[in-house]
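After this come two complexes, each holding chain A, first together with chain B and then together with chain C.
Our next item is the complex of A and B:
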């Protein structure tokens, strides 16, 4: 990538960050996430069983789901709004390649998501420490892969945003988010299904969708189980491969997209 | 190096239209060339394809057929647009950005960074007298200020080629004059100008050449002096001892008597000789004789009528 492309990429990413930092709805969304993290203290008191376990599970769940919500909000309009408000003309009338535009948007989203993630994770870790929950390496690996899942969702969001309306984008992304976590179950269903059509359909969905559960180390963190370096590498590889696939797909579609 | 700064070669462009998304042709076989350092004004009625021609020139849209070139390179290639500035008719601003952030983004997208970027932004803000609005959020700027901001973003990276869509739109008379001066200065410094405008007096003042576009095709291109503006008569200011002798030269026999005793009349081209003879004979004393040619608007109207008949 040339020096010019880096400057352009930075300018586009900073613009995404500025738009988000000045977006009241997004700020309310973030505040709600923080509220939920602190509300987990109350929830943990209400559950039957270990309070420590409940605190950790709720925290992981909130961070997982807020990633999806944030990506839905950020991604649904990230390309559409540029085309609808025609601000894309302002960018593309300069020596900006469409790939640079898309990557700038992607990195902008990552900066916004990373900011939210750091705030949420720090608050959650602070709560755990204040409640005397012992932290292990698994917690940090899990956190890293929860953020990895956010990044993966952001790249798929960009892929969907490159060709669909915000409504369809949200529909596809929610589907991907949930089905991706049920990937193993889909595989089991496909193996046990009696109907050939159902078997094929479930098998196709299993192979087409990224297996988000491969990035899930929550159980290992909760029960302080060691996570092998090989497994981490494999999960990292899966994450990277799916992310690149989504980004390349988004780029191929967006490069050919006709502007009016 | 190409012979032309901008070139449209047999360009056609259509958009999907209606429920069945049938192609509707906006530009049909457009041929146009703009030489480096020249100023070409694109004139035509609403819906003639002026904005689309500009968008094609800026590489924003891909032609269905034909080629659009900037300095000999395809306009769709991002590097071709490095020295190009575009002012769209409506300013497409990011509503959350402050003016100086927007301009800094424009400069960064053209490759400027750090102190040089800030310097250029400050400079262009000063030139457009927008320094006081630098920290203002863009959506709070007035229409005229937004238009000036648009020109500022087009100039911030000091482009060699400027594409302007209705550059005077939304400007008050003072700023229309100032922008005219700026554009003339830009041209004098060697810049290439290609602009569309409805204000034909601006086109006349700024451009070396005019291209008349109608129904997506160029109907005529050339210097304004070459424009076929037939002579319709002469406006004569003269004095005569007996003003009634002038009636036989005047169109519709109408002679206007001025307060200072002079007479004002319109004379048919065929009557010019006879009037000059009367002057030579000492019956009439001519103070001024000015040819009457149709306004550029009238010529354009005629062109549109002709093209309409042709199609």
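Our next item is the complex of A and C:
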């Protein structure tokens, strides 16, 4: 990628960040996430005998769910709005490649998501430390993979946004998020299905969807279970592979799309 | 023309503020009325301050649901779901402990919690104590302990609870002695468990078994004071013969 393309990419990404920083709905979303993080202190008091566990599980839940909601909100309009408001023509009529435009949007989303994640994670870690919850390496691995899941969802969001309406984009993304975590159950169903068609269909769905549950290390953090370096590397590789697949797919569709 | 256009705006602005306050007050009053009509007068019970209305209404929420269905709600956060259910289970236990002392759904709740978060040991302890001795459901208690032992085979507390439950509910002294002995050999177990298992075995007429338990326990510990205690117990048993 040439120097000019980097400058263009940076400009588009920063623009996404600026637009998000002005978006009141997004700010409200962030505020509710923070509120829920602090609400975990109240919930923990109600979980008789396991205050430490409740603080941790609530934090993981909030970060998981709010990530999906943020990606849904950010991604559903990221391309559509540009086309609808015709602002995309101002950008693409200049010597800006469509790949640069798409990557700029993607990195812009990552910056926005990273800002939210850092705020949430720091507040959560502060609460854990102030309550004397012992932290282990699993906590940081889990946090890293929760953010990895956000990035993965963002890349798929861009992929869906490249060819569908915001409503369908949201359906697909929620489906991907939930089915990704039900992968193990899908596999079990496929193994126990009596009909050959159902068995094949479920097996295909199981294999073609990203297995988000395999990237979930929450249990290891909660029970201080060791996570091998090899496993972390492999999970990182899986994450990267899915992310690149979605981005390249999005680029392929978007570069062939008729915008006029 | 200009003053004529501005004047109604100012009037409207001045009028709007009291209207908003009036509407707000009306909303609060109407809501209070609705709440009192829908839920009736709240009467705080001295016996159970946290109970509201008839307990049966609360229990209607406990429609048997399998953990597989609950997983659909938050597939990545099963531990969080188990925490939320735990709050419900402890509230359920507390409200019934203060009123009718009947707990028909407690086992179901604990089973769900341990299905969602099988490595969490706390619900097993709770079920091991409450189900056999408070809810009069020894079999359910034993089931939960057995389930806990699948995930925590080296947990001395669960072996202890199993032995205690077998002795207290079924009077099976030999099995109870075996479980207590197994608990006594696990890390962190108090020394009295070895002596207790031997006492159970002796009372069941199994003095050989009691001696074997004590010998094994003595070999397992390294504290001279504790070893002496067990040696005294062995001597006491032998003298008894």
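We adopt the following convention: the second predicted complex is superposed on the first by the 258 of 260 C-alpha atoms of A that agree within 3 Å, B and C clash if a C-alpha of one lies under 4 Å from a C-alpha of the other, contacts with A are read in each partner's own complex, and residues count from 1 in each chain.
In the analysis below, a contact is a pair of C-beta atoms (placed from the backbone, for glycine too) under 8 Å apart; a residue touches a chain by one contact, two chains touch by 3 or more.
Not measured: the values here are computed from a predicted model.
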{"item": "Touching partner for A:11 - first (chain B), second (chain C), both, neither", "value": "first"}
{"item": "Touched partner set for A:89, first chain B, second chain C, both or neither", "value": "first"}
{"item": "Touched partner set for A:199, first chain B, second chain C, both or neither", "value": "neither"}
{"item": "Which of chain B and chain C A:64 touches, first, second, both or neither", "value": "second"}
{"item": "Partner chain(s) touched by A:259 [first = chain B, second = chain C, both, neither]", "value": "first"}
{"item": "Which of chain B and chain C A:80 touches, first, second, both or neither", "value": "neither"}
{"item": "Chain A partner contacts - residues on chain B that touch it in the complex", "value": "15, 55, 58-62, 78-82, 84, 86, 88, 90, 92-94, 96-97, 101, 104-106, 108-113, 153, 157"}
{"item": "Chain A-facing residues of chain C, complex", "value": "68, 71-72, 74-77, 79-80, 82-83, 86-87, 90, 119-120, 122, 126"}
{"item": "Chain B-facing residues of chain A, complex", "value": "3-4, 7-8, 10-12, 14-15, 18-19, 22-23, 85-97, 100, 258-260"}
{"item": "Partner chain C, residues of chain A touching it in the complex", "value": "43, 46-50, 53-54, 56-58, 60-61, 64-65, 178, 181-182, 185, 212-213, 216, 218-219, 222-223"}
